[in-house]
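Next come two complexes built around chain A: one with chain B, the other with chain C.
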Partner chain A sequence: MEKLVYIALFAPLVSSLFAALFGMMPKKQFVGVVTSILLGISFVASAILAHYVYTTEEAIKVTLMDWIGAGDLHIPFGFVVDQVSVTMMTVVTLVSTVVHVYSNGYMDHDKSFNRFFSYLSAFVFSMMVLVMSDNFAGLFIGWEGVGVCSWLLIGFWYHKPDVSREENPSISPSWAANEAFIMNRIADLGMLVGLFIVYWNTGSLQYDEVFAQLPHLSGSVLNAAALALFIGAMGKSAQFPLHTWLTDAMEGPTPVSALIHAATMVTAGVFLVIRANPLFSMTPEISYFIAVLGTFVAFFAASMALVNRDLKRIIAFSTLSQLGYMFAAAGLGAYWIALFHLAAHAFFKALLFLGAGNVMHAMDDELDIFKMGGLKKVMKWTYLYMGLASLALAGIPPFAGFFSKDAIIETAFNEGTYILWAILVVTAGMTAFYSFRQVFLTFEGDERYKKYGFHPHEVYRYVLIAMSPLAILAVIAGFFKGSFEAFVTELLPEYHMSEHTHHLAWLLGLVVLAFAVGGIVLAYKKYAKGLKRDEALEATWYYKLLANQYYIPNLYEEFISKPYAMISDIFWNRVDMKIVDATVDGIAKFLYGTGDGARRMQTGNLSNYLNWMAVGAVLLLAVAAISAAIIG
Partner chain B sequence: MDNILSVLVFLPALAGLLGFVVNKESARAYGITVAAIEFLLSLWLWVSFDTNNAGMQFVELIPLIPDFGVSYYLGVDGISLFLVVMTTLMTLIGIASMSITENVKNMVVTLLFLEMTMVGVFVALDAIVFYLFWELSLVPMLYIVGAWGGPLRVYAAIKFFLYTFMGSLVMLVGMLFVAYIYHNVTGVWSFAITDWYALVLPIDYQLWLFAAFFLGFAIKVPMFPFHTWLPYAHGQAPTIGSVILAAVLLKMGTYGFVRFSLPMFPDASVMMITPIAVLSIIMVIYTAMVAYAQKDMKQVIAYSSVSHMGIIMIGMFAMNAEGISGSVFQMLSHGIVSGALFMLVGVIYDRRHTKLMSEFGGLAAIMPKYALIFGIMLMASVGLPLTIGFVGEFLVLVGFYEVSPVMTILAGTSIIVGAVYMLSVYKKSFFGPVTKEENKTLKDLTPKELWSFIPLVAIVVWLGVYPKPVLQPIDNSVKAMLAFMDEKAITQEAKDIIKVPHVSAHAREVK
Partner chain C sequence: MFEPIKVSLESLNLVTLAPMLAAVAGGLLILVIDLINGKLHKSFYVMLTMLILFIDLGATLGLTLNERGFFNVMLEDGVAIVSQLLIIVASMLFTPLALTSKRFHEYSYPEFFALFLFMVAGFQFMVASDNLILVFVGLETASLSLYTLIALHNRSNSYEAAVKYFTMGALAAGFFAMGSAVLYALTGTIELAQAAEVLASRIDNNALVLTVLGSSVLLMVAMAFKLSLFPFHTWAPDVYEGASAPLAGYMAIVPKIAAFAVSIRIFGMYIDLGVEWVREMILLLAVVTMTIANLMALVQEDVKRMLAYSSISHAGFIMAALALDTTEGAAGIFLYYALFMFTNLGAFAMLWISRHKVRRFNARFDHPYEKFAGLIHIMPMGAVIMALFMLSLAGVPPFSVFWGKIYIMQAAVNAGLVWLAIVMGLNSAISAYYYLKLIVYMFLKEPVKDVDTVYYNLSKPLMAVIGLAAVATVGAVFYVEPLISYVYFMISASGY
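Right, the complex of A and B next:
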């Protein structure tokens, strides 16, 4: 089994290095094929491992070699394959394989085809390190690794210039890449601090050793560690107020959005909370905070999706919103439900993004859904896929999202946090509305695209086939809820609904369903027949507020980016040059000046010298007299 | 080879003298050959170094002025060993990648002479010998900046020389005073650092001496607010000068702290933790912001160099093995990475004769290899895990967290502000459309340039993935030093803060 662990882990690395060999050459089709096969191998290995863990119920632990050792700190490259990590591995490699195959078609005409696959596989490798590590430092390697790959991939089309848009002061792929990297770095500092707290209080960074020590630690230490680690999680999972990078990350190629910014990397924060559940279970206040923030983000992001016109940004907001759901579940202690939603969401959200990619491909990279409509005639399969994914996202039975999201909402009720419950229910309605607003505006109604001169067409058949595993999983994943629960709760704490909730379960489910169906019906009424713009509504302040993302990107620009640049400039021009350096030069000039002044005494004139001697003698006498007076 | 250290010190100088008779055309090949031999010898030193021995090895001791206890006394331990190896490596790569065309012979001779002084500083165990090499190192650098520099070269060279020289003089006074005390206590004169280590000094002496040495070292590092000579020196120096300056000369300052200040004045060092940490944090944040404001690519790297030295400084005063080992490791990492970054700036300067970022843009499309290597070094500079830059920075921050969580968080902003200016450089220069016509025809790295970078890239990755061969000897010597400092400290406060590591399971296994 050890070999399989290494195969699952290193196949993506080999794939990345292989593609890198051809990175600066023109497109080579075999690069796409070989990398896809290697990713497939990684998936198969992960699946076998999953089966092994499922049947034997034991974790596999391997240690590759030492990494850092100094003082009392010893960090190995160690990996653990247990119920949680194997779930993540399987999900990650499955979605990655699909996305690799898909990218063969999507990046078909890109001149940096090979480079793209190198980055994409490197991302998968980092993600595998992240989920498989048996210690926090290893997790951090993956954590930063996915960050860099995300930077490379968001900025993949780096040649595009910066532009200004109404809701974004400045945007371009390279700008968005830097924003994502820097925002994540802010959170990573929190994460690092979390590691330091853990290390100095438990003497280790290995998960098992750390978790064994937790009962001996004081409440404040636990709270500090949990909070610091969660700050790290907020960056990667784009929770408020570090959320703006995720929608801007849509500047990257769409397969990247599907893989990194929907299915895998952004769930790393949720994964961290799940992985460190022994810690978070012991810090109820922090956990409650996580749940509240998660619920807030779920609603907050959904509200912005309601009015957005950008095909990919709508899905990005919905990802944010669903991450909020996952955090809500994890914060309320239902870790396995969070993990279940994570997996289900990965399938249907990746499918949705890839579908959006098909649309973009057909529409020459146009993203404005107001310019689309009626695409169902030419893109039947994509419509079907996106429709399925949206049904799953909206939580309509029997699709995957119904089972996972419903469980989260039920949890909120079960915990007695009725306000959270109510918000999550309303958000479910909003989710259904914006998802179908998008689907209907894109595929139903009048063919507005004709006016803009687009000639849409369906994508390659093999691309559609490659997407089918995700479609199937989006439909059926929910049926495995019971066995999934049995599998992961061997490691994660069990979570059961109380008797009371259990009795009301059908009613609760019905309420959520009513909201979801209501959202879809509303969207159908408003948008299925075509786009009728309501200008009065669009002129209202709340519509503008939502369309401008609560003006947060502008606020960040005005109150963080610009002042930072301004203060930097002041530091350089005013402080460093005019004060620090001027002082140094001032001292030098003073010394030079006094020397120059003293030089004038050396006139060579004997009577001058005698004068100076007399002055000196008088001064010395005076000093002698004064000191004698003081001492005497 | 019992005299390996003497060979390492004097081979470049002797070869440099002989270099005067080499004819002009072959000067460069001659320089590369000598530097390569020197580098191989330093590798041999590493191979034959006993990594389990934390003390001084390859010791050479010849009395020079017995009446005053001045001797020719050399030795290396885990802390200095790798600085020597890094010095020879960076000199070799520097000479090999040099793009100077005027007076090549003089440059080669100067560099070889400089190499002697640098190696000499790191292996000297006698304060006078140390001081000699320390001051001698200024001369070749003065010449390099003054003769091959930009338009303001004379101002920059003199500023560099006088500023650091002034600091060193105060340090010399400190050294003489230590010897004087040593004479008073023991009745014999000695300038041997190892003898001085045994000296237990009262607190007020420690503080004054700490201050004297501090001035010498801090200007060299350079610590805020003594750093302003550095941007001028870098701004005017030719690429090779900047590479050596950033990679090696600055390390002399931080090395001085580890070699002199910490073991000789443990109590004063502990009392100075907060002031030094505050200065270091200012270095980290303030200079990073100044770096962000720069328009000239080389100035960004110059200020970033100061910012990273702040991390090295703060780690050194963590008073635990994690922090100090991390700090020493970070010296090596900084040497490799900032050296490489200056070389990279040199590449574009050679092509465009400008370093202004506004002149570039979109270079990634035109010079992909150059962009790739710049990208790798950028990531190492911002401390990406699995590159050399992460190991030291992480250990430093871990270590200092034990001393002060708040100050660690402030110093830790290094990972944010560092990313801000580095990514901004990369975006301005490499991303976006190609706007300038001149840039469209730029040539990517030549084989010569490429092969000077490949070893550095290999080291960046190798020591990022597997730092143990380097980190372990460093850690052993640091642990021994900490145990010694703890024993020697006279105040309870210092004994509490200086953390002697347990003999870990790992170390036992090695034995």
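Right, the complex of A and C next:
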């Protein structure tokens, strides 16, 4: 089993290094094939491990080597494969494999085909380190690793020039990449502080040792650690107010959006909360805060998705919204439900993104859904896939999203937090509306694309086949809810609905369903027959507010970026150039000048040299005499 | 009537003389062979010289520690043996460089090799005695041979260099003789061991302060000249420039090792006797030398002159170790040279591979920085190796000179002179500038197009020597530990 752990972990690394060998070369088709196969191997290994853990109910722990040993700090390079990590591993490798195969088609015409696969596999390796590590330090390495890969991949088309915010809200790929990285760095500072607090108070970073120590710690320490760690999670999972980077990250190639910015990396924050559940369950205030923030983000992101016209941004907002659901569940103590939604969401959200990638591919990278419509005639399969994924996302039974999301909403009711429950129910309706607004505007109604001169076509068949596992899982994943619960609650705390909730479950489900179906029906009425733009509505202040993302990006620019640039400018011109640089230059000039002066004694004239010797002798004599007189 | 003097052969203990005798006899042999057959190829003499140096090395290694011989004039203590070994090894590195692919004037004379061996013998006499007369004789033998070797390079600035060196050397010799005379007047002996005893009993006599002062200052001037310490260094850049590149590299090491061995004996004695101002004097010389030479190296436009100033700066650095007067300090001197030797000879030899008869780049200089511009494109391996030498000279770990620097700085801290270690560190930082300047030229600049660079002096032996130097530079981390313990053992065994 130990070998399988290493295979699952290192196959993506090998894949990345292999692709990197050809990084600077023109496209080599075999690079895409070999990396896909290696990722497939990693998936198979993960699946076998999952089966092993499922049947034996015991975790596998391996230690690769002693990594850091300094004083009292001992951090082995250790990995643990337990119920939680093996779930993540399976989800990550499965989606990654599909995305790798998909990318063979999607990146077909890209100059940097090989480089893309190198980055993508490197991301998977980092993600595996993140989820498999048995200590916070390894988690943090993976955490930073996925951050770097995300930066590389968002800015993959770094050559595109910056444009104004009106023209493109995310300005340019390299701008978006930097934004994502910097936002994450801010959050990572919180994470680091959390790790320091943990280490300071428990003397270890190993999960099991830390968790064993927790009951001995004071409440304030626990609260501080939980809050600091959650700040880290907020960055990676793009929770308000650090959410702006996620929609801008859509500048990356679409497979990247599917893998990193929907299915895996952004869920790392949720994973952290789940992984550190002993800590969070001991800090009810922080957990409640997480639930409230999650609920707020779910609603907040869904509201922005209602009016957006950008195909990928709508899905990105829905990702944000679903992450909010996950945090709501985790914050309310239903960790296994959060993990279940995480897994289910990974499948249908990746599918949705890949479908969007197909549409983009067909529409020559056009993303405005107002310019599409009627695509179902040429893209039957993509329509089917995206329709399925949207049904799952909207929470329509029997698709995956119904089971997982409904459980979260039920949890909110069960905990007696009725306000959260109400918001989540309304959000479910909004989710259904914007998902199907998007689907109908893209695939149904009049063929507006003809006006703009597009010639859409379906993608390669093998790409469609590659997407099928995700489609199947988006449909059936929900049926495994019972066995999944049994599996992960071996490790995670159990969570049961109260008798009262249990009785009302069918009614609660019906309410949610009513909202979801209502959303779909509304979308159908408004958009299925074609686009009729409502000028009056679009002119209202609230429409504009939503369309401009509540003006938060502008706010950040005016109140953070610009003042920061101003201060930097002052420090550069006034402090660095005039004081620091001038001092250093002054020293250098002084030294150089002294050298130039001393050089004059080198006249080349022998008599001068002999004179110098005599002078030197006299000087030495004087020095000796003086020091003899002083010292005695 | 005088009684005939009877001396038994055993009491002479001729073994102590064996290394020098090997070199002298070898030199004479070369002259005799030349008399018999004047048409032999230079490679024969090179090989013969190498052979003789091997015998010399063997004889040195075979010496028993702390033996005296030849009327107690010879003293083969640890200092003598270690410095002789360094001198011979450096000479063995230098000799194969004569096997250049192009014909050079000096190497076609067998006298070159004979003089070279006499010079080696002279240095060996210098270090293997505490008798000031023998030291003086050794010094002059070596110096006179060296002057001639420089002049044999057969260019106008070689003659100029030789004459300058000779004239200033004569003045220094005068200082040495006068210093010895004053010491003799003071103690009635010219053997340092006995002089120390006599001085110890008289040191408190205030009336004698002036003579102690006189003797130490006069001897100091003579040694400072040999060690090219500021302001007695003026000859060095001119002479290095006039001499051939390998000989310049050689001069930066071997004469200085010999002079340091003598300095340890003489000034160590003064400091041991509690004459604190000798220490002050040395510290002052050391600090001024390393700083001023560094600053002057900064403004040089010629790589060879830069290397000349840099080796002056290194000498100042090592001089500071002398002031410590601890076993660690004395061991540091030899350790530093053992490590510095390969790097410095390697760097000078790298200049030798691009030797031109005419100055192609600059009317004034042979090796201006421009000549090395873009060397990475012309000669990638050469550029990398030269860069290694530069990094080592700058004291970048883990290359050889770094260990020498760190050892001496540590010795300074252990001796309680923290400020000295700081000054050394600062100077190393300044020196990095001009070493890195060459690296910048080699790696980051485009070659000068309008002047073609012909690297024609590349021969197998040259490559072998440079390769050896590069290996010794890079691999220092592996042998520095045993080297330290060997040198430390030898130095402590001889009581310093």
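Throughout what follows, the second predicted complex is superposed on the first by the 570 of 632 C-alpha atoms of A that agree within 3 Å, B and C clash if a C-alpha of one lies under 4 Å from a C-alpha of the other, contacts with A are read in each partner's own complex, and residues count from 1 in each chain.
Rule of thumb we're sticking to: a contact is a pair of C-beta atoms (placed from the backbone, for glycine too) under 8 Å apart; a residue touches a chain by one contact, two chains touch by 3 or more.
Source: prediction; values computed, not measured.
In the superposed model, A:Gly595 makes contact with chain C only, not with chain B.
By the touch criterion defined above, A:Glu57 reaches neither chain B nor chain C. Looking at the shared chain after the overlay, A:Gly616 reaches chain C, while chain B stays out of its contact range. Of the two partner chains placed by the overlay, neither chain B nor chain C lies in contact with A:Glu538. In the superposition on chain A, A:Ser568 makes contact with chain B only, not with chain C.
By the touch criterion defined above, A:Ile182 lies against chain B but remains apart from chain C after alignment on the C-alpha atoms of chain A. Touching more residues of chain A than its counterpart among chain B and chain C is B. Here chain C touches chain A in the complex through residues 163-164, 167-168, 171-172, 175, 209, 213, 216-218, 220-221, 224-225, 230-232, 234-235, 237-238, 276-278, 280-281, 284-285, 292, 294-299, 430, going by the rule given at the top. Taken together, the chain A residues at the contact with chain B in this complex read 23-24, 65-74, 137, 140-141, 144-145, 148, 151, 155, 158-162, 172, 174-175, 178, 181-182, 185-186, 188-189, 192-193, 195-197, 199-200, 564-565, 567-569, 571-573, 575-576, 580-581, 583-584, 588. Residues 159, 162-163, 224-225, 227-229, 286, 289-290, 292-294, 320-323, 325-326, 329, 362, 364-365, 368-369, 372, 379, 382, 384-386, 390-391, 394-395, 397-399, 401-402, 405, 408-409, 412-413, 415-416, 419-420, 423-424, 427, 430-434, 465-468, 471-472, 474-475, 478-479, 499, 501-502, 504, 506 of chain B are the ones touching chain A in the complex. Residues of chain A that touch chain C in their complex: 591-592, 594-596, 598-599, 601-602, 604, 606, 608-610, 612-613, 615-617, 619-621, 623-625, 627-628, 631.
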